[in-house]
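Next come two complexes built around chain A: one with chain B, the other with chain C.
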Partner chain A sequence: MTTAQPSSQTACAAAPSVAEVEASCRLPVLFLAFSGAAWLCAGAVLALLASIQLYQPTFMEGCPWVTYGRLRPAAVNALAYGFALQTSFALALWLIARLGRVELAAPLGLTIAAKFWNIAVTVGVFGILAGDATGFDLLEFPLYAALPIFASYACLAAWALVTLHQRTERELYVSLWFVVAALLWFPWILSTAQGLLLGWQVPGVVQAIVAGWFGNNLLQIVLTSFALAVLFYFVPKTVNRPLANPGLARAGFWLLLLLGGWGGLAQLAAVPAWIPAVSGAANVLVIVPVLALLVSLWQTADGKIAEAWKDNATFRFLLVAAILLLGVTLRTAVFGGHWTQFTFFATARTDIVLLGVFGLAALGALHHIVPRLTTGDDELPSSGLADVAFWAALLGVLFVGIGFSLAGFAQAGVNADAGKAFLKDGVVGIAGQLKLVTVGYGALALAALAFLANFGLAVRRCCAACCGGAR
Partner chain B sequence: MSQNKSKPAPPGAESEPTVAAGGGSAWPFVLLGVVLFGCFLHVENTGGAFRADVYQAGMKTPPPQTDEPEDVKLFKRGASVYAGGCVGCHQPTGLGSPALNFPPLAGSDWVTREKPDRLIRILLNAVEGPIKVKDVVYDNPAMLAFRDVFNDYDIAAVATFIRGNKEWGNGAGFVTPAQVKAIRDGTAAMGSQKWRVETLEPIP
Partner chain C sequence: MRYGPILGAGALFSLACSWAALVMAPQLQLGALAPAPIPNSSDVHPALRPGLAAQGAEVYRSLGCYQCHTRQVRQKRLLFGARLNAVGSNANTVSLELPGSGKTNLVNLDLLIALAKARPDLGIAKVTVPPPLLADTNVVAALGQFTANLALLQHADDKAGIVRPTSGPTVNDVAGRRPAEILVKVGPEAAERAVKLLTDSGAKAELVIYNLGPDIERGWGARRSVARDFVNDTPVLLGSLRVGPDLASLGTRAPEKFAAPWKFAGTNTAAELEHRLLIHLYNPRLLAKDSTCPSATYLFDKQKPEVRYAGEPLVVSKELPPVFPKHNARALVAYLLTQRNDVSLPEAPTPAVAAAPAGSNAPAKP
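Coming up: the complex of A and B.
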């Protein structure tokens, strides 16, 4: 992970200035950040419409394009590929450039690849709405969208790794471990899953195992790693202290990679019993690296948390993301077994990791990155809009997570009790919890809009200030 | 980290986060060991012994096949009953032993007639005296009465086995334990008395 070669004087002499580094980031990172936030808004609206149909089945009936079975996968995939992965590319590029003290390789090429990624996601979402979904959780994009997704990812990641190779700061900071791991992990799981499911077309039971393995790795390794990269970058920076106990971070990093990929299959049915048993054990084991990483962050920020919460918009997002990471890990470890099988409980995990752990961390980071790349300030122009974005995103994630979790518990109670009626108690009876989910998605869409408005203000101010000059 | 930078970072967004000196803790690995112990217990108890054919958490072997039809189970049980109580005289081939005065079961109308009522009676109380099987007259008092040896299920099983044994060329229908019970109860007054051809022939 680390090179023995220290940062030499010559390398420092050749290193570009922060202004030069950020200038190279401007086009691709702003494009990815803006598109990601726009997809967050679109995905949240799609998820909101889908969630209404859970308790109002006649809502938008009659048009096959907007039935639940198409809207929900379209929403989840828009959020996963349009928002989460796209935003994580923005974060990855910015972190590599800043921490490696290097200008991005081929910023224009990265922007074009990002454009293709967006086209592919759009085609995929419309493909799902048109009825071409593959039926595998988090892999619903049809093949004609999945292949361009992989191709544009290959370009983005290749240029990111070329940039990393050219870095002038040779030592890899903790955040870059996570970025590199996630950048290399994602093509492995995506190509394996797409190859086995859509190319090779493995038989029935294996499909569920492959799709479950992919979904868990996407959430537990790739997106959690990007969230942790952001946390490890901004927490020491905000409290202006060096990262305490890097050995703990290193142990957590390797253990997360070692253990994280095994989970996610604990609720599969009709598979040999050892698969859910081992997977359930991994869900518990992964508490250890998560604790180690969070303790390292906590030791760094200890004593300055209240101050940073008050002063720094980014830090608020990050603190909530860190708490949610611990919460979702414990929640899956304790309740993620057979008892909550076939309920909304697993849905809640996808949404909490996607929108809470990763989503909040990413939005927090963007509240720092976007002003750096536009106005050159450390904060977005409107602190009011930043507050709206934070509180709306926080409430949105809590409402969605709690609503789906409570609905899952209620359904588990129905499944466990033969005296309860499936339709009355398990479908109609959870309407209240699901209305909370609808409100949550509405709040998330509002948060995305508030961020986009702030983004627009920053771009306008930048243009007004620097027409004709650099920054 | 091969090189630890502990110099205080200058404030401001221009600076990058740094790493403190020292560090490293053993507690994650201790905790990992403790949790791992629980995980091994969990997998041992619910992991189905890592067998590909165990789908039920908490079981170590696949459950016995319960989806076989009842007559197949009777036939399989009947094969082992036959091997225990009948094969000595009637032979594995079901052909008996004409030289030793043991009548055949394969192709015998006494066995394969449409209704099993005569066969069940013979199995319960045995038959003695001259009996004509496949145009040969046998007279052997050695047949044992199985009324007190086998229960209804085993009698039905062995009757199913010899009536439906395709290797012997027999293709008659199976016999249920309920049929055996009805006849056992109906003939309880016979005690240990054996049937004779004359007393059996009125039975359909």
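Coming up: the complex of A and C.
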């Protein structure tokens, strides 16, 4: 990745220029971003089909491959591994390269590892549909997909960390703290969970505890960290101010790491009482770091929010993602206990974090990164499609979140009162709310399509420019 | 911050904390949990599943039934009670009928005192002895003891500020009914004390337990599910969402406690339940019109299969031709039928067999 061009950066003699950095990112980051968005579309469609079966049980009846019990985990895992984690690698690589002012190590190797990741996710999703799911939430991929996933992750993360090590800008900005933490966190939780569940097979309910611990860490630490990395990068950049309160951000960062990994087990009833109690307390305490981080962002952008909302497509996504982060944290802290246990309210946290907090932040970031790496502009070619992507994603997340939450409240009422008829109040009674969820997944698929179309336009324009110039 | 390694070490340390607390600690606490012997039998709970049911567990996992069904019964509180089963007798038991009248009316005077101590809200009626009996020295001695005890009780009542009602039911009435619920839904200390008072007075009394909460009321199980119920399972499919009813004790569920209640037609209840579950698998909407439980028609053959031991055809309904459950359908039903939590465990007793309350009996707090 050497070019004859002299470095335009004067800050550091060895530092590559922005153009060089971006050139090194082009192949792997665009590949990861494109595949991630494609998985978002696929996962949303699978989730949509599954949600219809919740009130229309004869829909797609009679084929085991598409029964709810397989379609739903296939959708969630497609969204988690295909969309969320894959997109976060794109974001991580790009942030490391930009903020560290360094060219990516082994862009080709990264692309090949990303390709393998996609193959593994595809195999995993088909494995679930074929009936090989492991039975643990967010870890449903069978072993034959889980091992390649881990191997491709190891390559991606290793090259990412090598790149970080070679950075020319030594100071690590807040965004990179989150990226580093998440990159180190993920292999530990994944190997622990896969080792204990699929390899060593710990006995009894410990399995459910391990799976819950993994799922919570994936959502609360890994994906939330990537979302925060994006927020801390783009918010100061968009409003063109330095980060207002780095001390607060630092405190929030460490507290989030210390407290975030303790939640997620309030969903278990058949375990010693201290386990859900500890998790419930952690769900409340984690409000502190989340607030600290968001206040630091808010102080940075204060006064310029309305202006940035109007001018900048990325910023709109990020603002909503930040509000959703606050919302989902409070929601879990206030209502996350015994009352909503075993309802859609509790299980929908996965959807809101995956698609809302992380999903919107990531889509927002990609609306800046993809044009930088293709046309060289700051925005995607079609602002109309960008608008469609934003509003569809926003409505999609809101519909899914609100639909599941309202259905969950109705279920909680039935769970708490044996006098209510289970079938009438708890099953038939929530069909309306679940229809909202179906619409929400549809909107999310549309948002992914709009983004992909815009992506395609940008790539075409880029190719036309290059090839046109050569001719 | 300039140093990546410090950052990484800090992150790994934070992770190690939550790992130690939420992965290591539960493994240390629960890793050695073993099935518990069932009292008065050579069996243990949970029993190893027979082969067919073990295959059914795989079908349950493969079809993702755990996506809509939990297998965790919850319970709010565990409360206790004391039940009087027999009056018993001792030196202070007198018969209030004349000898030769052909009737007996044994009154355990100590029991009356014990009952009065256990139930400060009840009065004590006078024990009237037919005059001819007063010639019996045993009766006189017992009555004397009783009067002395009453005085002591009165003293204790005054000290504690207890005023007994002068009308309404009395301990004498309660002692006359058997079995009598002396205390209902109280804490373990009060119930234990009452049982001790009653047994010390020569009566036969037992500790009763009350598992409470909507899940129990719905008939989804006799008690809460605990970690021990799952020591033989792998993978452990607890479920986290109740789109459908909890299945933790489906094998012992009463017909009227199903989401779509039904009734046993005959006496072969086991066969009826199995038949019912097969039809449910084939098409839940034949049993409950509004059910959203997916039908697993693919677990049934339309034509009689060529294999030997194909099994009996399943008559689904009057209008439809019979179908032939495949092996997996039978396995899944066998698995569902092994779902039970009616076995009393030290950490989660069931009403049938009350164990002595111990500190560890506190149910999971919400």
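As a working rule, the second predicted complex is superposed on the first by the 456 of 471 C-alpha atoms of A that agree within 3 Å, B and C clash if a C-alpha of one lies under 4 Å from a C-alpha of the other, contacts with A are read in each partner's own complex, and residues count from 1 in each chain.
Convention: a contact is a pair of C-beta atoms (placed from the backbone, for glycine too) under 8 Å apart; a residue touches a chain by one contact, two chains touch by 3 or more.
Quantities reported herein were computed from a predicted structural model and do not represent experimental measurements.
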Is this a clash or a fit when chain B and chain C both end up on chain A?
clash
Looking at the overlay, what does A:A270 touch: chain B (first), chain C (second), both, or neither?
both
Chosen between chain B and chain C, the partner touching more chain A residues is C
Quick one: classify A:Y144 as touching chain B (first), chain C (second), both or neither.
neither
Which of the two partners, first being chain B and second being chain C, lies in contact with A:F232: first, second, both, or neither?
first
A:P203 in the overlay: touching chain B, chain C, both, or neither? Say first, second, both or neither.
second
First (chain B), second (chain C), both or neither touched by A:Q411
second
Of the partners chain B and chain C, which touch A:N245 in the superposed model: first, second, both, neither?
first
With the two complexes overlaid, spot the stretch of chain C among 56-64, 200-208 or 308-316 whose C-alpha atoms clash with chain B.
200-208
Would you tell me the residues on chain A in contact with chain B in one complex that are also in contact with chain C in the other?
171, 250, 270-273, 276-278, 338
Sites on chain B touched by chain A in the complex:
1-6, 8-9, 11, 13-20, 22-25, 28-29, 31-32, 35-36, 38-40, 42-43, 46-59
Which residues of chain A touch chain C in the complex?
53-55, 57-58, 61-64, 67-70, 72-73, 131-137, 164-165, 170-172, 177, 180-181, 184-185, 188-189, 192, 196-197, 201-210, 213, 217, 221, 250, 254, 257-258, 261-262, 265, 267-273, 275-279, 337-339, 341-344, 346-347, 411, 415-418, 422-424, 426-428
Please output the residues of chain C touching chain A within their complex, sorted ascending.
1-4, 7-8, 10-12, 14-15, 17-19, 21-23, 26-27, 29-31, 33, 61-68, 70-74, 214-215, 217-218, 224-245, 259-260, 284-285, 288, 290-298, 362-366
In the complex of these two chains, what residues of chain A are touching chain B?
2-4, 6-7, 18, 98-99, 101, 169, 171, 173-175, 232-233, 235-237, 240-252, 255, 270-274, 276-278, 280-282, 284-285, 287-289, 291-292, 338, 368, 372, 378
